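Multiple structures follow.
In what follows, chain A forms one complex with chain B and a second complex with chain C.
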Partner chain A sequence: MKHLLLKLEPFIWLMFGQGILLGTILLTGWLLVVNLGVPLGVVSDAGLEYERAHGLASTLIGKLVLAALCALPIWKGAHHMRHVFIDAGGGDRDAVIAPILYLIATVGTVLSILAVVRL
Partner chain B sequence: MANAHPHAMAPAKPGKTRTAPPQRPPKFPTGGRYLAYTLFDWTGLIYLLLGFLVLKTIWTLGDGQAAWDAQIASFSHPAYIAFHILSFISVVFVGVRFFRLFPKAQPPRIGPAKPPPAPVILGMLYTVWIGATVLFGAILAGGIF
Partner chain C sequence: MAEMLIKKFVVTRFDPDQDDVPRTETYEVPCHPDWKVLDGLNHIKDEIDPTLAHRWSCRMAVCGSCGMNVNGEPTLTCKKAVRDLPDTIEVTPLSNFPVVRDLVVELEGFMDKLKSVKPWIIRAKEKAVEEGPTRQSPEELEEFKQFSMCINCMLCYAACPVVANEPEFIGPAAIALGHRYSIDSRDEGAAERNEIFRGEGTVFSCSYANECSEVCPKNVDPAAAVNQAKFNAVIDWATGLVLPRGGKE
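After this line comes the complex of A and B, so read on.
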């Protein structure tokens, strides 16, 4: 398993790095409008009306952006949680914990793609 | 918070060179500079939860108007508001900490040119971050398109 993880490391680091970079850039606007601005009444909810939201999300660019918005932060989270476990409990259990976390990230990625494909 | 395991970074096989036994740094995990390091790692949990929450939100968009409206309305719950405030703080913390690395990670030369000074690199990164946030936020809020 350790050998496999080492072979997958370039892919894992790609997703992790983009999770920090693109994930952070995209999440900032999403959080400010969808998760805080509209619920707190600071931003009008007209922009999130179903017809408009669905129309924008159904475009190719909309699907790519939304898939990245879901999947990339999950990879960032999985990789950083792996290091939390290593720091807290040592590397002995890494061969078990790392595959579980990356499996969660992979499932999240597949679901993210499905979520935008079905729009 | 759990303590660091003193063998966390030990190699799988001991090397030939004799070394002192590994010791956990006395200030780990919350003393001195370790606090920022530890918090940066723990933002992973926020990102993991947030990623799946965004996924759930996008999924409801495909379930029809009733599901979408209910999902958006649910964000007014105080628990969601609290989590999203924590998430926003985490995202800004991650961005600021990560972007600080870029000037330090530059090679001495890029081809014939020297990399720009640190303030210029940081200025470009923050311009992209703020610009993308304003653009994406304006699209989501209905200001554009």
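After this line comes the complex of A and C, so read on.
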């Protein structure tokens, strides 16, 4: 398992890195707009109407962006959690904890893809 | 004449022939206001207790020999002024290294880690002398110059939480050094080093605590080098999946 994890490390880090990018930049922007901008009236809520948002999310690019926005931050979380366990002294259990966390991220990715395909 | 500062030096002592565990010794040291911590330690050795063992050489933050923990922080003792410290100055050997004696730590493991990243220019074919030097533009020099300023003082290893948890981690200075050669325009060994960096206990073990860059006395920013090395190792891996023969000629 340790050998497999080592082999997959570049892929995991790629997903983690993209998760950071999307999670910290795009999702933060999204949350600021939806949770602060719109309620305070600073940003128009016209773009948040269901038909319009659904129409945008139903295009191929919309689906790709939505799937990435849902799935990649889960990889970010999984990888962060793994390193928190290691830093907290759980390095000797990494071969058990890491596969569980990445399995959760994989399931999350599959569910994200299924959800956007059904849009 | 400037007034002397009386500082209490609490120094870790350890003699492997006599002690089972390290102990502390306290010395009252009259310090000139412009003294560094290293001057205080040298005063102890010269005037109070000649059995104290500590490592030092250049006294000007170039040789990287005098790194120790000063009041808990990895520090070059030749750079830290006593006047900037409280009345009690606690000096302990660098963390995360085996102690040889008193404030002197074992260097061998660190040297092996440095060598493991092939810190030299790798060329597929050496240029003949008559062909002249391999030229480099100021921009190409700027790419890696920052990372070549490392003086191997090992403060980054003492500060790194990953080294503390995982002693086999090759660590910030070794990765920064390997990366320095990989991005040198004269070098052709980046693929070899990327292979090393994808191995166990290397770049992907780093959890980006950034402590290495915080304590670096030469502003090398090893954390940036580690992340750039991670990125290059990932791109090299992805290229290998997509292109035939890994994109190698």
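Simple rule for what comes next: the second predicted complex is superposed on the first by the 107 of 119 C-alpha atoms of A that agree within 3 Å, B and C clash if a C-alpha of one lies under 4 Å from a C-alpha of the other, contacts with A are read in each partner's own complex, and residues count from 1 in each chain.
The rule is simple: contacts are C-beta pairs under 8 Å (C-beta built on N, C-alpha and C of every residue); 3 or more make two chains touch, one makes a residue touch a chain.
No experiment lies behind these values; they were computed from the predicted model shown.
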Query - Three-chain arrangement built on chain A, chain B and chain C clash or fit - result: clash
**Report entry** Partner chain in contact with A:83 - chain B first, chain C second, else both or neither
**Finding:** both
Query raised in the report: After lining up the shared chain so the two structures overlap, which partner does A:91 touch, if you call chain B first and chain C second: first, second, both or neither?
Result: both
**Report entry** In the superposition, chain B vs chain C on chain A residues touched
**Finding:** B
Requested in this report: Check whether A:69 is in contact with chain B, with chain C, with both or with neither, and answer first, second, both or neither.
Outcome: first
Query raised in the report: Regarding the shared-chain residue A:47, is it in contact with chain B (first), chain C (second), both, or neither?
Result: first
Report task. Check the residue A:34 against both partner chains and state whether it touches chain B (first), chain C (second), both, or neither. Result -> first
Report task. Show which residues of chain A both chain B and chain C reach, each in its own complex. Result -> 2, 83, 86-87, 89, 91
Report summary line: So, in the complex, the side of chain A touching chain B is made of residues 2, 19-21, 23-40, 43-48, 50-54, 56-57, 65-66, 69-74, 76-81, 83-84, 86-92, 104, 108, 111-112, 115-116, 118-119
Query raised in the report: For the complex, which residues does chain A have touching chain C?
Result: 2, 6, 9-11, 13-14, 17, 83, 86-87, 89, 91
Report task. Under the touch definition given earlier, write down the residues of chain C that touch chain A in their complex. Result -> 161-162, 165-166, 198-200, 204, 207, 230-231, 233-234, 237-238
Report task. Would you mind writing out the residues of chain B in touch with chain A in their complex? Result -> 2-10, 12, 28-29, 38, 40-52, 54-55, 57-59, 61-62, 64-65, 68-69, 72, 75-76, 80-81, 84-85, 87-88, 91-92, 94-95, 98, 128-129, 132-137, 139-143, 145
